[in-house]
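The first chain written gets the first letter, and so on, giving A, B, C and D; residue counts start at 1 in each chain.
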Amino acid sequence: MGTTTGTAAGTRDTTGSPRSRLLGVVTLLAVAVLGVLAFVLTDPDVRIHPTTGEEFGQFDAVRMLYVHVPLAVMTYLAYGICAVASVGVLVKRTPWWDVTAHAAAEVGTVFCGLVLVTGSIWGRPVWNTWWEWGDVRLMTTLVLFLMFTGYLALRRTTDDPRRQARRAAVVALVAVLDIPLVNRSVEWWENRTLHQRSTIGELKIEDLTLFTLFFGFVTAGLVLAWLLLHRFRVGWLEQAALDHGVAAAIAERHAETDDAEVLRSVGERAAGEGTSGDGEPGS
Amino acid sequence: MGPFLRDAWLVAERDLRIEARSRVVLHQVVPFSVLVLVLFGFALDADHRTLRTFAPGLFWVAVLLSALLAVQRSAALDRADGTDTALRMSGLSPVALFLGRATAVFVQVVALQVVLVGGLLVLYDVAVEDPLLLVVAGLVAGVAVAAAGTLYGALASGLGVRETLLPILLLPVLAPVLIGATRAFDDALGAAAVDGWSWTGLLAVAALVLTVVGASAHGALVED
Amino acid sequence: MVELRAAVALLGRFPALSGVDLSVDAGETVLVRGPNGAGKTTLLRLCAGLVRPESGSATVLGHDLGDGADRRAVRRRVALLGHGAALYDDLTVGENLRFWARAAGLSSGSGPDGVDQRVAGALDRLAVPERLVDQRAAVLSQGQRRRVALAALVVRRPDLWLMDEPHAGLDQAGRDVVDGLVAEAVAAGGTVVVSSHELERVAALSPRVVTLAGGRVVDGRAGGGAT
Amino acid sequence: MTHVGYLVAGWGIVVGVLGTYAVRLVRRGRALSGRVPEVHRRWLEAPGPAGSEDGRASGA
């Protein structure tokens, strides 16, 4: 993120704009403040058992949640944007929606991968396992991640751009509609295991803890916004570069065919053979 | 609605007739599914008790893997010799086309299940405790698999890498179907004490959602 | 019937048609020729409503091809003989033809306009031997497939015929049948656009030749003073 | 502080991955910008001709 802030308006070959640079600076500041809040100002989660007097809780592992939970929420937001944009692709059929959907899916998948990794790292000390099969959110997020891995794989295939846009939109919509089913099925499934575990709700909530979590949401939101904006612009440029390529290819095709030569090679018939004026080639 | 169902049946009849003649699913996919059951047996190196416990899950994994092949076969029918172009030129509604293809895939998936249940009875020594639940859950899950499979088969067709892309697209979507159908079979085969009928309800919702989405999205895929 | 103005069509990102102007009237036969890769096939697919015009305007049978619903309407009224025969190998010739006839919305009744009558008539018209009707399409020769493919299109009684290399793979008798078919369609007020390399043959039945190269029409410039 | 290793790993991966991804986006954008005429980069002028600059960032 830092790279944009350093770029002055001198070069215009960039996806940055004055406003996006401001956003970048604010985002970096927010990340720094979040770091201070999460590691310096907040206390570890230590609770005293009412009867035995034993210390328990998540201790310092709770600090992982200040990044994990906001990322998870923003993952769902990004995929939500992707779903809305996918509807736009199918209804409006314009590149704008397609580029937006692709950007949201890619950024969302980066976030989703981080959510899974941070969740796993947090789960190891707290749940005493890297992976908890019975957890609804964990499993749902994993399936979502796998679905959008497929989505991005589809995006990487060479295909007619318009067809690819629609195929990808269908995949995104099916994924999003399937998610409630995944969620519900894992939830029922989990009831079978009745796994005892810590959740956010059981945290010793202090004002500062809550504020830090809230600030985490803001920060993750800013990061998401910055990444989406720039990913969109990259996609937009890719689209423009390809369109530009098409225009160039048309010109090239016109230049490379010597009409007289072609007519000679195909035979003498044809020229002036009653195309009744409608056959006039365009400029 | 009349001509519409007629068109869907026209396509389903075509696909089933082709399968009846070519027997690709019967001669290649069905043996593959039984092979999967056998391989699970080898891999688990298990006695009947273990196999009975895991039978429902292994059954549905075998169904999904075999269904992938059946779906690929179904999608391949309309790629050869310009048939895809001819279908677009025919004016056949994409919804009817989807329902027809899905019906044919459904029949094949159910046939697979029948063979695989036989495999469970013989190879894994399971006992059917609730035949009605087994049949209903199998049929409902079959609808979900056929609907999602047909949609993604059409989606992945025409891509250079379709064979490798289909599983990664299709299998995550079928995750809830796998979970639900396995739980329902747990109950039906007495492998675990769960309420198979409520799981079948979940399967029904999945089947409905996937069929409706598949039918309405199919047009966006086959149109240019 | 067909009215293209600076029509551009893309295959992926490649401008297979780079600005085609072409006008074909009802009852006219047009031969499209040109070197390989000139865009002949894409031109026919554009006219068939299979490919969306990227820019320029394209009207076929009064429908604007820029519009999705119009393209669908065009497809139902046009017969496109492509490179493939569109036959399912495991169905018989009769089953294939009946499938395509019913897919085109023809009623399965046995009256004079029913599928069976029309199929029989089409097979007769293309001189497909009776004994082949109950054979699987897989056993047909290349030329026989071509004839059956044409029969499937005859069944639909299209307003516009688009034939991509219709003579390819056919014997002399088959070529005569195709020529007869074209003449018949034109006589009935239909329009035929044929892409072919075989100039001598088509020249006999086509009063008009259009040359395509580099994705556009390169002849017909007599009035433009290019030559 | 407990669980230092876990925390360093978790936060490190998040910052590292997001930072790398952001840098790659910027680099890709710069490489592409050179190949595309400026008219396509409407974000260079504050008020875009279609006023879609803000809408384009709708994800934000």
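Here is the rule we go by: a residue touches a chain if its C-beta (ideal position, glycine included) is under 8 Å from a C-beta of that chain, and two chains touch if they have at least 3 such contacts.
Here the structure is a predicted model, which is why all the values come from computation and not from measurement.
Peer 1: Mind listing the chains that sit against subunit A and also against subunit C?
Peer 2: Both subunit A and subunit C are touched by B, going by the contact rule given at the top.
Peer 1: Where the centre means the average of the CA atoms, what chain is farthest from subunit B?
Peer 2: D
Peer 1: Express in whole angstrom the distance between the two chain centres, defined as the mean CA positions of subunit B and subunit C.
Peer 2: About 38 Å separates the centre of subunit B from that of subunit C.
Peer 1: Counting in whole Å, what is the centre-to-centre distance of subunit B and subunit D, each centre being its mean C-alpha position?
Peer 2: The mean C-alpha positions of subunit B and subunit D differ by 42 Å.
Peer 1: Which whole number of Å gives the spacing of the CA centres of subunit C and subunit D?
Peer 2: 50
Peer 1: Distance from the CA centroid of subunit A to that of subunit B, rounded to the nearest Å?
Peer 2: Each chain's C-alpha centroid was found; their separation is 31 Å.
Peer 1: Hunt down the residues of subunit A that sit against at least two other chains at once, touch-wise.
Peer 2: In subunit A, the residues touching two or more other chains are 158-159, 162.
Peer 1: Find every residue in subunit C that makes contact with two or more other chains and list them.
Peer 2: Residues 52.
Peer 1: Of all residues in subunit D, which are in touch with two or more distinct other chains?
Peer 2: Where subunit D is concerned, no single residue meets two or more other chains.
Peer 1: Thinking of each chain as a vertex joined to the chains it touches, would you call that graph a line, ring, star, complete, or other?
Peer 2: Contact pattern: none of line, ring, star or complete.
Peer 1: Touching pairs of chains, all of them, please.
Peer 2: Pairs flagged as touching, ordered by label: A-B, A-C, A-D, B-C.
Peer 1: So in the complex, which bits of subunit A are touching subunit C?
Peer 2: Residues of subunit A touching subunit C: 158-162, 242, 245-246, 249-250, 253-254, 256-257, 259-260, 262-263, 265-267, 269-282.
Peer 1: Using the touch definition up top, name the residues of subunit C that touch subunit B in the complex.
Peer 2: 48, 50-52, 68, 71-72, 75-76, 78-80, 82-91, 95, 99-100, 102-105, 136, 152
Peer 1: Going by the contact rule set out above, which residues of subunit B touch subunit C in the complex?
Peer 2: 3, 6-7, 10-11, 14, 17-18, 21-22, 77, 80-83, 85-92, 223-224
Peer 1: Residue numbers of subunit A touching subunit B in their complex, please.
Peer 2: That would be residues 90, 143, 146-147, 149-151, 153-154, 157-159, 162-163, 166-167, 169-171, 173-175, 177-178, 181-182, 184-186, 188-189, 192 of subunit A.
Peer 1: What residues on subunit B touch subunit A, complex-wise?
Peer 2: 148, 151, 155, 158-161, 165, 168-169, 171-173, 175-176, 179-180, 183, 192, 194, 198-199, 202, 205-206, 209-210, 213, 217, 220-221, 223-224
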